[in-house]
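Below is one structure, written out as structure tokens, with a few remarks after it.
Chain IDs A, B, C, D, E and F follow the sequence of writing; residue 1 opens each chain.
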Amino acid sequence: MALNWFRFAAPSAFYPLAGRAIPIFWWLTVIPLVIGLVWGFFMTPDQLGGTNAQKEYYRIIFIHVPTAWMSMWLYVVMAGWAAVGLVFKTRLSFMMANAIAPTGAVFTFLALWTGAFWGRPSWGTYWDWDPRLTAELILFFLYIGYIALHSAIDDTRRADRAAALLAIVGLVMVPVIFWSVNCPDPNQCAALHQRSDLTRMEGNILFSMLTITFAFWMYSFATTLMRLRSLILERESAAGASWVETTLGKEGAS
Amino acid sequence: MIAFLSQGGYAFFVWGAYGMTLILLVAEILFLRYKRRTILARIGRLIRMRHSGVKQ
Amino acid sequence: MFRVFWCILHRDLTLALRRRTDVLTTLFFFIIVVSLFPLGVGTEKETLQTLGPGVVWVAALLASMLALERLFAADYEDGTLEQMLLAAQPLSLVVLAKITAHWLLTGLPLVLIAPLAGMQYHLTGESILVMMGALLVGTPVLSLIGAIGAALTLGVRGGGILLSLLILPLYVPVLVYGSGAVEISRIDFSATGPYFALLASFLLVALTFAPLASSAALKISLE
Amino acid sequence: MFRVFWCILHRDLTLALRRRTDVLTTLFFFIIVVSLFPLGVGTEKETLQTLGPGVVWVAALLASMLALERLFAADYEDGTLEQMLLAAQPLSLVVLAKITAHWLLTGLPLVLIAPLAGMQYHLTGESILVMMGALLVGTPVLSLIGAIGAALTLGVRGGGILLSLLILPLYVPVLVYGSGAVEISRIDFSATGPYFALLASFLLVALTFAPLASSAALKISLE
Amino acid sequence: MLEVSQLECRRGDRTLFSALDFSVAPGNLLHVRGANGSGKTTLLRSLCGLFTPDSGEIRWQGESARRLGEEYRRDLLYFGHHNGIKGDLTGVENLRIAATLDANRGDDGVIWDALARIGLAGFEDLPTRMLSQGQKKRVALARLMLSRAPLWILDEPFTALDLGAVDLLQTLIAEHVAADGLVVLTTHQEVELTAGGLASLHLGS
Amino acid sequence: MLEVSQLECRRGDRTLFSALDFSVAPGNLLHVRGANGSGKTTLLRSLCGLFTPDSGEIRWQGESARRLGEEYRRDLLYFGHHNGIKGDLTGVENLRIAATLDANRGDDGVIWDALARIGLAGFEDLPTRMLSQGQKKRVALARLMLSRAPLWILDEPFTALDLGAVDLLQTLIAEHVAADGLVVLTTHQEVELTAGGLASLHLGS
């Protein structure tokens, strides 16, 4: 078991494996995305009534919620790989963390953007200092900090480890930060706003939202692996690894 | 069709949100492909150099 | 063990006091930032009273952060940090001593000067007391967390501003509860307890982990 | 003459772009400082609207100032500044080129990002326009005045914070009229004219004297 | 006994050295030679643990240096391209701190003697920033006299020194080797010993 | 013709030298000697105008150097304790900027040739921060080959260089003197000339 893992922890073994997986992930992205969008735009009611009256702009939910979820999940995964890299000193783990960060930052930005475009029609403002939004903004800063630190150091080995340490410190702080902006007054913390409740959602809306979430998740796999392959090539060829040449020779025809 | 595009009068917001998502995701993919191509070109050049016996 | 701690603490304090202005400049920076706001915002009493706690805390954050940049950088450039790494003592002890010196030179003076800032913003005596207390517990956390960032950005070009990018988001909890305590004290003095409890627990956690994390970061940076 | 100006400008821009993040970090620092205030101050719409212009200007001041510290310091440490002093060209030309590069890298991005900050503080479209205009005229003044301070504090320990001490008071006029213009535009858009006229005259004066003053200061610092 | 086996270091795209094997026994000096950029500094920093080699192992008294950690560092004195002294402190203060960090006694009498011997009498309590380049280097080198570490790792210790100081440093090194110490050094000059063995290692093509 | 009369420099409490008189004519080299801290660097920096002496005058071609200002600086090349190169720029970029500042042409062909001659072929377009100590110094010294300034002032140019580079630099200096240039330098080594005159000035007791 452990042996197996470490075999794929070698970049040379991982590179072709990732190459084969990427197309699969692309199909897993495109098909649910199309289904989710079609369902979301044509199978759902034109207007929400009841206590939560919303007009067509509620359709932003189909991308807003998935991007928000992905942004948080990807940070956890990124910090996780960073920790693995620091503990086991595997090059591939650092590269993995490195490959996830830009995708995570993109999703965070999209959550902010789509949220803003939702907020304008429903709250009358693009931005408000709601705890959820604030926390998402801070998450964005953490991603940017990771990327900035990594690219400011040009010795890749040092950059990897420094950025990994930062990601872990960030991961420890994230719950504290989220909690502090959610609950700025510890005397009244019990009266936190009711969180949105998935079970109370209209079935069609929920279905589209979850399908698109799945699509975005697969999209993250695909882009991360693509970026990872580029990183592997860049670093291994810089280090003069011979497998790069043989592998590329095999692929060269395509 | 017009009705679909206007999204009940909220076209700007709905398509603004979807549009930015589309732009960023596609841009990410294009950027990744562009990066991969430049790396392959560089490595190809290195390999050719090595095979034709040019010293680094 | 303690000998090394004292030695480094003493060294950093001596170094700072050799240039007497060093201690004063953090203070003056704080005062200037606090005084700039009324110029930019207007000088009505009520606006200032609501603004006060927040501005004081943000100014404290920035002042503490500015001095952080040089926490390890000076020692890095002249090679003394290298010697500390090669010392026969645990590095985190040295780091803790340096952080302590940093706090004594930047955090403590802020606590002492805070009443002045409070007066500028027409805060009441009670609020000012709470502010001093909150700063006393909160500023060491700033120094401790900041040290990690300072160690990570060591020798990196554009380090100062990169450091703020890394560190300021992590300062948010201290800022929220620090200014929250002052805010609430304007309404109900007795309700500040939980705020202080939270700040104190942050301090404890930071005190345990930050020296370790910073020394790990230093080792990475010196490769 | 112009060859040297271009050469140094090109050099400083290249140096900054070698680390692509350098440009972005000033921006993000600005955004973070702007975003910290509501956390400390509270998030009511009206408070934020009165705060907005002041906070944006103070953040711009700080962002520009932080980057200033490295304006000459990096060149001083590796001896290239010495070489510039010994060049066969007037030093003030070199200094002007360095200041231009500094503004292009820190001032201009702030102007472009300002609308975002304006939105966070619920400013109206018109106010945001005025703010951009004021920043466009005001930030070069910050870079120019700042350069004098940067030259004076060169090689002095704790330079960063001493610099802010020297420079921030000089920034006050720009701050007052810059945020004043935005403030007044919330009431009467057409009344902003005099503010801009003043800012523009500051710019002219600074443009004539600051390069000379900074190069004199550099010569003193390098003794 | 310092043993190095199968050491390999890369920097950027270049492999500086690989499969490097050598050992230094007490009473011996190893002179690492090589042109500029051949990897001397990198090798010396790896020996100290300031640079992590890409592969290979460094053993001190039979155990891995990495595993020994503090114990190894206690036995080690490194002198690098930087002087490692603070310009704002006086020579005496600098040395006092260095002694504490190295876990030596370093009482003030010893420190003043060391400074006098290295030719800085009269400059002991000036801030070192007021000294000339060579005088700063001398302050840093006074650490050698205070240290009780058996293993000295010296990276170009002779630069910036005048002839008198070079002679004195040669004597110090020779004394240390004669007293069963170990020295690894790089320099573009020749070194002479009065006792013990002198080996030399050539890096680069 | 560089003439110095009645020069006096003080630093801190000490008078480093006073009533110093000398002159250097074209085709001559002046070797400034002295122990560490005797004031060599201070003298050289005064000659460049980077340090204001307490009294005395420095004349270039018969006129006061201070009054000549830019014209004097155009004729001058100073090489100090710092290398004066940016770590983030490549060797070629660094030299291009240096050439512009010195008002030399410095087209790229010349620069590449200079770097090749000083032994940095293959390292031309690496950021100089990735070079070893000696390689950095070599980049800085390549400026000597680009310069058309008649007066060279060199402060310990040989430190950190390996033997090959020292030889090359000796040749460069000898060529410059042979071509009617003026050189003022400090070093703790000996310098040899093939043509022209060599004088030496001893500072300190």
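Criterion: a residue touches a chain if its C-beta (ideal position, glycine included) is under 8 Å from a C-beta of that chain, and two chains touch if they have at least 3 such contacts.
What you see is a predicted model, and the numbers here were worked out from it, not measured in a lab.
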Sorting chain pairs by contact number gives first C-D
Please identify the chain with the largest separation between its CA centroid and the CA centroid of chain D. E
If you list every residue number at the chain C and chain D contact, are more than half found on both copies (same) or fewer than half (different)? same
Identity of the chain that, by mean CA position, is farthest from chain F: A
Chain B and chain F: spacing of chain centres that average the CA atoms, whole Å: 52
Approximately how many whole Å separate the CA-defined centres of chain A and chain C? 33
Where the CA atoms of chain B average out and where those of chain C average out, how many Å apart are those spots? 43
Roughly how many whole angstrom separate the Cα centroids of chain A and chain B? 17
On chain F, where are the residues touching two or more other chains? 81, 88, 127
Give the residues of chain D touching no fewer than two other chains, as numbers and ranges. 19, 21-22, 25, 28, 32, 39, 74, 77, 157
Chain A residues within the chain C interface of the complex: 138, 141-142, 144-145, 148-149, 152-153, 155, 157-158, 161-162, 165-166, 169-170, 172-173, 176-177, 179-181, 184-187
Listed in rising order, the residues of chain C that touch chain D in the complex are 16, 19, 21-22, 25-26, 28-29, 32-33, 36-37, 39-42, 47, 50-51, 53-55, 57-58, 61-62, 66-67, 69-70, 74, 77, 157-158, 160-162, 164-165, 168-169, 171-172, 175-176, 179, 183
Where on chain C does chain A make contact in their complex? 148, 152-153, 156-159, 162, 165-166, 168-170, 172-173, 176-177, 180, 184, 191, 194-195, 197-198, 202, 209, 213, 216-217, 220-221, 223
Residues of chain F defined as touching chain E within the complex: 11-12, 34-41, 81, 119, 123, 126, 130-135, 137-138, 156, 159-166, 188
Residue numbers on chain E that touch chain C, as the complex places them: 48-52, 70, 73-74, 76, 78, 80-89, 93, 96-98, 100-103, 127
